[in-house]
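As written, the chains take the letters A, B, C and D, and residue 1 is the first residue of each chain.
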Amino acid sequence: MPIPAPLTGVVPPVCTPLTPDREVDVPSLINLVDHLVDAGVDGLFVLGSSSEAAYLTDAQRRLVVETVKAHLGGRLPLLAGVIDMTTPRVLDHVASVTAAGADAVVATAPFYARTHPAEIARHYRLIAARSSVPVFAYDLPVSVHTKLGAELVLELAADGVLAGLKDSSGDLGGFRAVVTGARTHPGVTGFSVLTGSELVVDSALALGADGAVPGLANVDPHGYVRIDRLCREGDWERARAEQERLCVLFGMVGVGDPGRMGSGSAALGAFKAALYLRGVISCPATAEPQVPLSEGEVERVGKYLATAGLL
Amino acid sequence: MPIPAPLTGVVPPVCTPLTPDREVDVPSLINLVDHLVDAGVDGLFVLGSSSEAAYLTDAQRRLVVETVKAHLGGRLPLLAGVIDMTTPRVLDHVASVTAAGADAVVATAPFYARTHPAEIARHYRLIAARSSVPVFAYDLPVSVHTKLGAELVLELAADGVLAGLKDSSGDLGGFRAVVTGARTHPGVTGFSVLTGSELVVDSALALGADGAVPGLANVDPHGYVRIDRLCREGDWERARAEQERLCVLFGMVGVGDPGRMGSGSAALGAFKAALYLRGVISCPATAEPQVPLSEGEVERVGKYLATAGLL
Amino acid sequence: MPIPAPLTGVVPPVCTPLTPDREVDVPSLINLVDHLVDAGVDGLFVLGSSSEAAYLTDAQRRLVVETVKAHLGGRLPLLAGVIDMTTPRVLDHVASVTAAGADAVVATAPFYARTHPAEIARHYRLIAARSSVPVFAYDLPVSVHTKLGAELVLELAADGVLAGLKDSSGDLGGFRAVVTGARTHPGVTGFSVLTGSELVVDSALALGADGAVPGLANVDPHGYVRIDRLCREGDWERARAEQERLCVLFGMVGVGDPGRMGSGSAALGAFKAALYLRGVISCPATAEPQVPLSEGEVERVGKYLATAGLL
Amino acid sequence: MPIPAPLTGVVPPVCTPLTPDREVDVPSLINLVDHLVDAGVDGLFVLGSSSEAAYLTDAQRRLVVETVKAHLGGRLPLLAGVIDMTTPRVLDHVASVTAAGADAVVATAPFYARTHPAEIARHYRLIAARSSVPVFAYDLPVSVHTKLGAELVLELAADGVLAGLKDSSGDLGGFRAVVTGARTHPGVTGFSVLTGSELVVDSALALGADGAVPGLANVDPHGYVRIDRLCREGDWERARAEQERLCVLFGMVGVGDPGRMGSGSAALGAFKAALYLRGVISCPATAEPQVPLSEGEVERVGKYLATAGLL
């Protein structure tokens, strides 16, 4: 299906359930898709960072897109990440995920390679020229180690290279420059500006963002759908209350002991533990070499769910 | 062929010549291998950063290993990079490059993912458990954004997980800790400590390093072979003079305009321009989305070659 | 005068006008204070980053506080920065600015020194123990190179060590954790949470912040006072429109050529050029070794003012 | 006394002994100076990072210079750090330390302020124009968060702005560029290139450095004096053995628990504990807010001393 222009609303970055031996758990993945669709989300984003795309082999990535596409059909737009180091490798992923049915691709700037804004622009232009579906930029400085500037994004939007932005930079000031620029920059139309934040979705929507791609929406999609609806209705006060409830819930990413694991392991481990405890997926395993949560840490995730009324 | 333990001497990280349409230029690659072997190097390292591994598709990577292996036969040890974000993806590369004939694999710590020392250790243990050939660690903080600690490297060496280290961190103090640790740490034997520096190979050898993996050795392999020989003979003064000549030559990485391209494009563009001007490869193209050197910049590379007596 | 608990509203970080020979321009400073007070601001913050505190000698710093205090009297609360590397040096500034009449001090975490959260806590506890006035924490990772965690800030607030936070980190998610924590954390009362952002003051107030300390409020204090009033009235739409106008105005920080000067010089140079063009100060000079704006760049600042209706 | 051009040999960055209540311990400081002078060092550098200059008040800084100058007389060159954020503040320190008898000043690039290479150059030019004694640049990216480029240093050397460099960047390749440039760059004469490393002094001297400024020389000045002598005699093998012994000794900086304190506290705490255990100073206290070593950690420092034959 064609992606709406702009794409709006809640578009969860879908976790990738794994079996105990770290293969894609297809039935759990289908369950998770149902869990999200039933909550009323507006699209799905597979193979993003919350999907552990960086940890999935090419075969696993393809299986994820095929599985979700087959189950979802044309009910909702399906975006797929094409996370890799540079243009030629990203183009291989573009071919793979579009063959498997993705309605749009989501690409970061080059990483590992030391790059330059001119090379980032060239990267996106080459991807767009070779992609049969719209291209979204994915701004994730914590992983990519460069920040996409608002000027660059808007220039690429005006040239029809980019269809949207998923901004996980945490910089709401820069995000706002893209949001207002998408309204005022000559030549930009239908550009979708999405926040990747879990914590300030109400703020992002209040300043004009089109939607949100929060990892925590795997755990509580209803909550983010409610925020989106309340914001569209102008009920900022209740939106804020809902957002604050979700901020507390997000505290679960801190249960993993930082002396024993990275912050990525802690966050993804918590999301998967929560999905497991809620009965959505069959196994909370994360991909190697991430350190798993301990039993006690999983119990603490359960307490976060209980506090949020999700157990 | 089995890798010597320790591997010593000059092991150039082999550039990957490309055609004007950015496919692997097989005849030029073979020529480059001859150029290096004839100069007396002690091994070859393909699919490292100087090989633009981050820019090569999986098919191109495989072609590179197959081509070099077929041409090299068992004359010299062949190391192959398995550069990717995390363990499962690296393991796919391990399978691919060992099937194609690599005698050892060279792996960085996880990147893109936010990681932890315990996860880095787990990463290398899993790779070693699944690799049929020895595993070298590749320390490149400028790309990977973490530094491999000497303690961690030596612990993995003692446990037989790692066979060697290519250290491109620029931190000679930390490097020395591994070099001396390789001699004194209980359980470590035959561990190969290689510097990735172009600029202090004499210093690294003087403090006990086993060898060097300098990108500039593509351009002037004879120079680095001479340094290695002079150091082994204890002729530190002439080694230093040779090293200083190569430091001047290395200035070529600065000809690319930093206002127009990244430092990676500038360095790789200069190496390839030099190989082209020296008649070793047919085309100086670098992979997308790197910005190519201008004609004037290529001319300046030529002047560096002339000054170094290489034209 | 005692600082209100919590301090709320607009508290501009007052620029420090300089003469052409880089001495404090006392008449201009008094004029600037009038300009801000007349616009209806709620307090003044001298010797912060926008005040070029890092560039002022101790004698100049003292003169600034004395001048502003003498002119302001008790009309508004006066906060003073005590920016220095570590506790003993900060304590000297605390003694100096409180002797000169500051009603509160504003301190960053230690910098230059490599520090630890436990040492940051110790730093603030020692300052509070020795200060006769309330202590605000100043979170400015771009200068200090550490980020104050929400937990740490709230713990220090609960213990009565900190009276407030000026958050210039740009991380609205972390900011929100302090804002909501200030309401819910046991033992925290009257704690003032202020954003240092120019670009998302409406968002910060919407999620519960007490006020704002935006550098651009030097140039257009009326604008920020309006945002604050509109937000308190719940008129989010007009607040957003006013904020968007100020975001456009803030574009002036980009007129300085990044090839020729640092981003600090560009921002402070633009603010001072704007104050000069608006007739508030007599000379737009910034402190050494900052590179001044060119004539053409100053003209472009003027265009920003004209567009914003400020000329 | 005039500083030799170039200054050569071992120039310890003198620790600042403190009393239990964190005042400068003048008798201990004098003892420490004797300890260093008796070992045969070639100059003294007070108010550097190892001196805890970042933690000393202006009064304490002055007392340190006066004390050392009075005791040292003209026996050795006395360099003094003028560590502060920007030019105007550094100039105040220049006036203070030269009035107190410093024979040269040592200045970092601006920090806290976000700066630009042009502003760094301007900074040093202004300092040199106002200093009555030679100016050394201090390259310490871990504290200053910028790296001094070799080109910039050599340009300032050629213009007579800088008399030398203390390089604590850890980047031996860049250091070498300055060392060889000091020999070959037009207009550069008598420029002193000193490494701040503890771990590769032999390497630095082998590639042509003039001398070393290692913090660990407080603890074992004889060791560094021996390395320097052996290198000048061309006895690289024994120099290396001595350096390796000192590398083991340097392990003491790791005894402080990184979960409890910063790396600065651990290193300075270890040096001072070692000086205390060796009977050179009366109290191992470090300045606030640094976390002190525990008793057990101090004992482990003692073991390092014992192993090195220093107890």
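Throughout what follows, contacts are C-beta pairs under 8 Å (C-beta built on N, C-alpha and C of every residue); 3 or more make two chains touch, one makes a residue touch a chain.
Keep in mind that what you see is a predicted model, and the values were worked out from it rather than measured.
Q: Work out which chains are contact partners of both subunit B and subunit C.
A: Both-contact set = A, D.
Q: Considering only mean CA positions as chain centres, point out the chain farthest from subunit B.
A: Result for the farthest chain: C.
Q: Determine the centre-to-centre distance between subunit C and subunit D, using the mean Cα coordinates as centres, and give it in whole Å.
A: The separation of the two C-alpha centroids amounts to 35 Å.
Q: Which subunit D residues sit where two or more other chains touch them?
A: none
Q: Taking chains as nodes and touches as edges, what kind of graph is this: line, ring, star, complete or other?
A: ring
Q: Can you identify all of the chain pairs that touch?
A: A-B, A-C, B-D, C-D
Q: For subunit A, which residues are in contact with subunit C within the complex?
A: 170-173, 176-177, 180, 197-200, 202-203, 206-208, 236, 240, 243-244, 247
Q: Under the touch definition given earlier, write down the residues of subunit D that touch subunit C in their complex.
A: Listed in rising order, the residues of subunit D that touch subunit C are 22, 54-58, 60, 83, 85-89, 91-92, 110-116, 118-120, 122-123, 126, 142-145, 258, 260-265, 287-291.
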